[in-house]
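Shared between the two complexes below is subunit A, which pairs with subunit B and subunit C, respectively.
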Partner chain A sequence: MSGAGATNAAGAAGVTPLVATGAAAAATAVILLVAADALSGAREQATREEARAAASLYEVPGVTEADVVSLLDGRARIVAPEAGGSGPGAFAYRAGALQPAAWIAVEPADEGNGWPWAAFVLALLGVLCMAAWAAARRRAPPPSRYPAAATLLCAALFALVAAAAQQWAHGELGAVSSARLARGLRAAGIAGAAGADPEAAARVAGLPWASGAALGEPDRIWTMPREAGEAIAADPQLRSAPRYTVVAGGATYHGGAVALREGPAGRAETPAGTLHLVFLGYEETSSPTVALIASAIGSALVVSLVLFLLPLAARPRALARTLAAWGFLAPAAALLLVFTFGPLLFSLWISLHDWRLVDPAHPFVGLENYRALLSDGGWWSAILNTGVFTLHVPAAMAVALALALLTRESRRAVRWARLALFLPSVTSVVAIAVVWKWLLNDGYGLANRALGAIGIGPVAWLTSPDVALVSLMVIGVWMVVGYQMVVFQAGLAAIPRVWYDAAKVDGAGPWQRFRHITLPGLRHTLFFVLVTSVIGSFQVFSLVYVMTEGGPLGATDVAVYHIYREAWEFLRFGNAAAMSWILFGVVFAATWLHFRLLERRGAHA
Partner chain B sequence: MTREPRAVVLKGVRKRFGDVTAVADVDLEIRPGELMVLVGPSGCGKSTLLRLIAGLEEHDAGEVWIGDRCVDEVAPGSRDVAMVFQSYALYPHMTVAENLGFGLRVRGAGPAEIGRRVSEVAEVLGLGGLLSRRPGQLSGGQQQRVALGRAMVRDPGVFLFDEPLSNLDAALRLQTRDEIAALHRRLGTTMIFVTHDQVEALSLGQRVAVMDRGRVQQLGTPHEIYRRPANLFVAAFVGSPPMNRLRLARDGEGRLAGGPFVFPGSSPHPEATLGVRPEDLTVAVVAPPASGPPPGSAGTRPGPHPSPEFTATALRVESLGSEQRIHLDGPDDAAWVARAPSALRIAAGDRVDVSVAWQRTHLFGPDGSRTGAAPQPGRGSHPGTPA
Partner chain C sequence: MPDARTAARATGGISRTLLLAFACLVMAAPFLWMAATSLMGQLEVFSSGRLFPESPLWSNYPEALTAQPFGRYFLNSLIFATVVVAGQVATATAAGYAFARCDFPGRDTLFMVFLATMMVPAVIVLIPRFLMIDALGWIDSYQGLVSTELVSVWGIFLMRQYFRTLPRELEDAARVDGAGHWRIFRSVALPLAKPAVATLALFAFIDAWKNFMWPLLVTRSMEMRVVEVGIAAFHSTYEINWPYQMVAGVVAALPIALLFLFTQRYFVRGIQLEGIR
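Take a look at the complex of A and B:
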């Protein structure tokens, strides 16, 4: 730890701490940036909700402009619609039910300076410590111990930074949500004073069950112990009490409540005098555990990167090549990460939560969504429909293979068949679906008119639960047959003609040649087409969406359409994500099984 | 194999692919039990001819007879022929045993019979340990044997081979060639063997048909083909190194002349080509002036030394171990090659005396066909050997 050691010029050994320090600083910056971004997002969100609450409040009869301004701590302006509601730096919201429309404009919250200075200083301290340590070790560096020491230091440093950043972000978020909660409660208070009932008050406060959820929803109404209830009842400021924090499932909820006294005039079936505490607002702040795990993974990545680069540091050419290679790979890897693995993991995350769009809190429920699916008849009937629909794949493959064989000998026939049959594959599915919907219309559809001309009664192509799915399967065949045929033609062209010559001389007839040469020669192609088509069929959506909307009577409700409705009509994202993962599991298992079978059968081919 | 071998007869067979005439009016008779080799340069129509016999192509004119029936309307599988392809055409998804048994299986033979025949053939060909492998796990030579076995299993009346050895390395090619010859002796079946390699053709065939541009140029025993080539094409195609040639023209007195040679007697043709095989040239190194005994004389052909016809310069000497090939600037600057015993001491740049064994030379008329041997030039007394 001598000064002389520290002032020694950096030699080859100095590369190690330099690289490690650089990596540490970069990672710190990234963590801080992410934390700051999360915070500003939370603030913005809080401001939006605040504005929405204020707008709702304005709709409550008896609530004056002054009330709204007071709720927003004087930061609100009520502006005329013509004004557009968007002053400099203001958020504007339309209060939907107001006649005439009015706008509530809210200045964005400006709290804190947005930068986690404390964490920054801590990180800087850590970096300095490490630099000092590295300098002290410089004299006689035991090279074998460098990686281990560097790993330890990096890990410690990152844990430190992550914890600091997390602590800070957590506190900040907690403050944001508490403030929002307080405003919600105040809004409820104002609305209550203006004569609105508690339900309206909750709606004004922009809180979950205000958006149409029933008051009786059990997990939103907490029945308190008698003493607590009486304490609340004794409180003159009933509506703004109590406020509490619940830590559950790794997340922190800041909550507030209004108490409802059930009187004889209220709900008849409730025993008189019972107090219900309505959980009016709660705010989840993300759990420190998750952030710590994330930063641990991040640290591990950075450390392993450093360890990977360390041995290369002594060989600049190799280092340059490696860096160049990673440079070229980076864009593709980043795209993959952001647009493929990111959403995938996010949906997995969602599927473990009770995630509804109307509800700002997403409590962790573990596998509850999956468990619920087991007994969800609608979902399983959708799966069954998907399975039945998928039967169109083997039919299409048989047709496509026959066409490919028929057009095999003639180049011109190949070209024409391709042109005619490949068209559906390059046409928008929606356009196809619209045309088919028109063709298959019960009354004026071409299909029924043609049938009528030869005296066959109209068929309810898309309106009969027995026929609709079959109709869709026929259209499915028509859509994929061209693509499959082209792939089969390519596969056939790859089978050496001499095999057929040998088989002919051996005495094999056309069927035997097909059975013993064409089919085995095509089996990779067949497998490829089967797997891709089955996956495609499992994902069928547009066809159903445009033509039948899952009807009639759910007869064409397929898995993806079901998921779509669960998410975007019923806004139950947790369930929808769980369904997606089950679908994924099914497809994955099917593909894996296929691959295994193929591997075993074709190991020596 | 108690099988009656079959004759194969082609009568005026013609096959065109668009503008290309692959086989032009070929008449050919392959005798029962004969091993006939079709040889010719690439693209001359050998494979097409073989495929016509197998029924894999349909001819445009003529007839194909196998045994005592015309097979023009008979499917390949019913012609009683088996074919071995250059690429072997083994089915990659079947084991060796399945490949061998395929021909029997599609004909509806029972598993017991298939098993018996397959193991018989596998034993003959030494494939016993490989029966459960797939073609992809075999070496080239083993694949070749399986292809051979697949033809043998059905015990056909005629074997057709389309360049079956050309994918093998040199040593294996020699070995397999011998094995096919031995197989032919054993089975006594008619075999038609296509190759582009004239050495293979001469060594294997009982009779050889040399083809060029869709026609049979000469049909004969290997000895006839080599010693009495019917025309310039056959002369040039057969033999390695190829026959030395010299263009001759009629001089003022009606005699053929070219280079140092003037041939006696008046010629009916305005011009002709002289052909001399490299082994029919004898080379002796010219003694350098004011030196001892001629250094090359010990290595020349034994017996009376013929008087030299001309002198030339050795441009390059290839030593092959058993013999030497000497590249010469021949008469009229034609590039000639002579074969000499390896004992001859000679180096590039040496002047050499060259003598010619005239009774073994060839004269070809203006249309390329052989007219006989060339008479000894200059002396005028040597009568032309009848062709």
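Take a look at the complex of A and C:
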């Protein structure tokens, strides 16, 4: 029995370096494939665009076939429409005709800098490292921190490979981009020479020329004096390969194109006699960054998984047990990975970009979103409102504790009170919000009628900036009190009766018993309720959405509602993501503070 | 002397009962007022001094409920909540079993990582989840509504706590008979965990039913709205028609209230399991 186990272990140890090396090599291949795939996608798109540009140039009256062929340096062929269709190309239509006049077939260009050697070398080094490590581990016993260290090493290695691959892909995309710009400029030039008006020439170029309102993004248009613009436009070098790098709004833009339109006369910011230089970036061709990062993280996970399993390979029973456990965990873990951990990283990523829903470009802005929030009064007043709203938690806890003590003696009272008191915390929040809105109606609500009956003037519950937040806090108390009461009932039931009896014998009064037995006995329950309720109240949304919409005058604009509006009304996802991280920080700090306070109390008690 | 003490206790009991009754009345008042208003005329609610309908106007119900497709809203909520319950029960029982009953390296670390997600405010993952669902083309579809809600860390925690209380002997007996983990999970552990599963299912159902923000973001058409979003939309359409709105409120609150009425003990157990660690 033991002999068989020993041979098994030896066999597994022999396989170990091989498996680790194989996993690392496969993972690297995945990263490189992702990069290559992104690039070939961009190339394909570029070829299709070239075909479209050539076709639209062909459609301009006065343009000859030789012009179209020269646009793409002989890579374009013009054939009869029925002959086309295989390979990249586009149909060209002559003015007024519904049938295609020709098929412009385009051969893909072989632009680019060759292969990602840096990434290859790094990957090779990494695989060698893995092999060496795995081989070394055969001799020495594994240190206890092995899995963590292996994971870190894997992550670092694959990050390096991914970075190198990304560098390479960006270089390639840059080449594609500038070729595209050069071709656009040339197409516009040919169309202009054939007598097309600037508007039509701009269309033929297929580039985002500055056509007034169509380009609303001011930081991508470079306005310059007419002479300078004309000099750039006339520069033959520029026509062959225009390439600029400009930093605008925190993002780097490469490439450039000269607008044919003049700036509108009479507007102060764009004086007449200027030309617009329009910049478009790699963002126009889809960047492989996200896919590369994702594949690097995935690869690190896979390889560290293999490294993690390898020590177990020698013990088949343990391996089977681990695999079975992973099988049970797989559905939950996969869903959490995709819909919680992934989004957490993604959210951080978004918060570092100027990310708007309507704009396909998401320039990287670093910590700019956070910096802008520091001086955003609206946001901090929303945080303050949230903090004030959270003050309803201690009030609710006091009421809930009183109710729990009241219902303590009789089981029947407990059951009935529970039914009535618990209902608000289970029923639909939106329905509750609607009811309370009616209840707190200025003229006809129950609250003001009741006050009127005892001679107190009407209160503007939801329409006065001074009162609205307090009204919401009252509703907050009403909503959570039942839930908290049930938790307290459970906590109270866990305190031994004997303690009370002993205290009574010692002559302790009700207050002393409460102070010295009930409160200390409930310490953990109180803490639990406090933390969960505070975390919950930081996330209040539905009440505000239905009842006040953050008003009046922003008095009830709480954090989550503010984030909601920033993202889904103003479509500024980058800002909203940064806000949600700040909110997380605040929640985290509050929880941490609670823990610290509890610790101190515990130490003194 | 004994008489005096009994009397004192009796008055104490009465004042307690009165106090409790008053608290219950305050807590229930909004619901009663909602029910009363739902049966009043549209102008009757504005006449001063009238808290209850002169004669109940039952026609409010069919009128308000046909003003918008509430049947569809309820169907959507039901589909949403049912799928979420099925998903959460499946993922949480399996994961809870693994954490409670299986022995594998890194188990406790992984469990802490899972638990840590409970600290994260939901709003952080809302934006990326929305962008992901949008990229998948699942906006305004059941897949989009449901897919992000299929796992509950609280549920995993609950199931783990419960599975840990099961005696080892049962498992050992099954193992002697040659049963693997899957067999033990399905035919020993899961049947024994019925009460915990019921608690989890109930909470998952109510949470899904009450979920407002996510359905608000991922649904656009009237046909895909769930009850909560439907009521909010109804509220902004019939801003001043309070009886209609109260009808909507009653209809939204009633199913959950009834569900709670019949399943109280599972609620209480869930809360107590959560509260005492």
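In the analysis below, the second predicted complex is superposed on the first by the 309 of 605 C-alpha atoms of A that agree within 3 Å, B and C clash if a C-alpha of one lies under 4 Å from a C-alpha of the other, contacts with A are read in each partner's own complex, and residues count from 1 in each chain.
Note that a residue touches a chain if its C-beta (ideal position, glycine included) is under 8 Å from a C-beta of that chain, and two chains touch if they have at least 3 such contacts.
Just so we're clear, the structure is a prediction, and the values are computed from it rather than from any experiment.
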Aligned on subunit A, subunit B and subunit C: do they clash or fit? fit
Quick check for you: in the superposed arrangement, does A:Pro496 touch first (subunit B), second (subunit C), both or neither? first
Contacts of A:Met397 with subunit B and subunit C, given as first, second, both or neither: neither
If you stack the two complexes on chain A, which partner ends up touching A:Thr322: first (subunit B), second (subunit C), both, or neither? second
Quick check on the superposed pair: does A:Asp506 touch subunit B, subunit C, both, or neither? Answer first, second, both or neither. first
Tell me which touches more residues of subunit A here: subunit C or subunit B. C
Name the contact category of A:Pro520: first (subunit B only), second (subunit C only), both, or neither. first
Quick check on the superposed pair: does A:Val587 touch subunit B, subunit C, both, or neither? Answer first, second, both or neither. second
Measuring by CA atoms in the overlay, how small does the subunit B-subunit C distance get, in Å? 6
Considering only the contact definition stated at the top, list the common interface residues of subunit A for subunit B and subunit C. none
For the complex, which residues does subunit B have touching subunit A? 51, 54-56, 75-78, 81-83, 85, 87, 89, 91-94, 102-103, 106-107, 133-134, 136-137, 150, 154, 160
Contacting residues of subunit C [partner subunit A, same complex]: 13, 16-17, 19-20, 23-24, 27-31, 33-34, 37, 45-46, 48-49, 51, 90-92, 94-95, 97-99, 102-107, 110, 114, 117, 119-132, 147-148, 150-151, 153, 156, 180-182, 185, 206, 209-210, 212-213, 216-217, 227-229, 231-232, 235, 242, 245-246, 248-250, 252-253, 256-257, 260-261, 264, 267-268, 271-272, 274-277
In their complex, what parts of subunit A are in touch with subunit B? 496, 498-499, 501-509, 512, 516-517, 520-521, 523, 602, 604-605
List the residues on subunit A that touch subunit C in their complex, please. 147, 308, 312, 321-322, 324-329, 331-333, 335-336, 339-344, 346-347, 350, 403, 406-407, 409, 413, 415-424, 426-432, 434-439, 441, 443-444, 446, 449, 478, 481-483, 486-487, 490-491, 494, 524-525, 528-529, 535, 538-539, 541-542, 545-546, 559-560, 563-564, 567-568, 573, 576-577, 580-581, 583-584, 587-588, 591
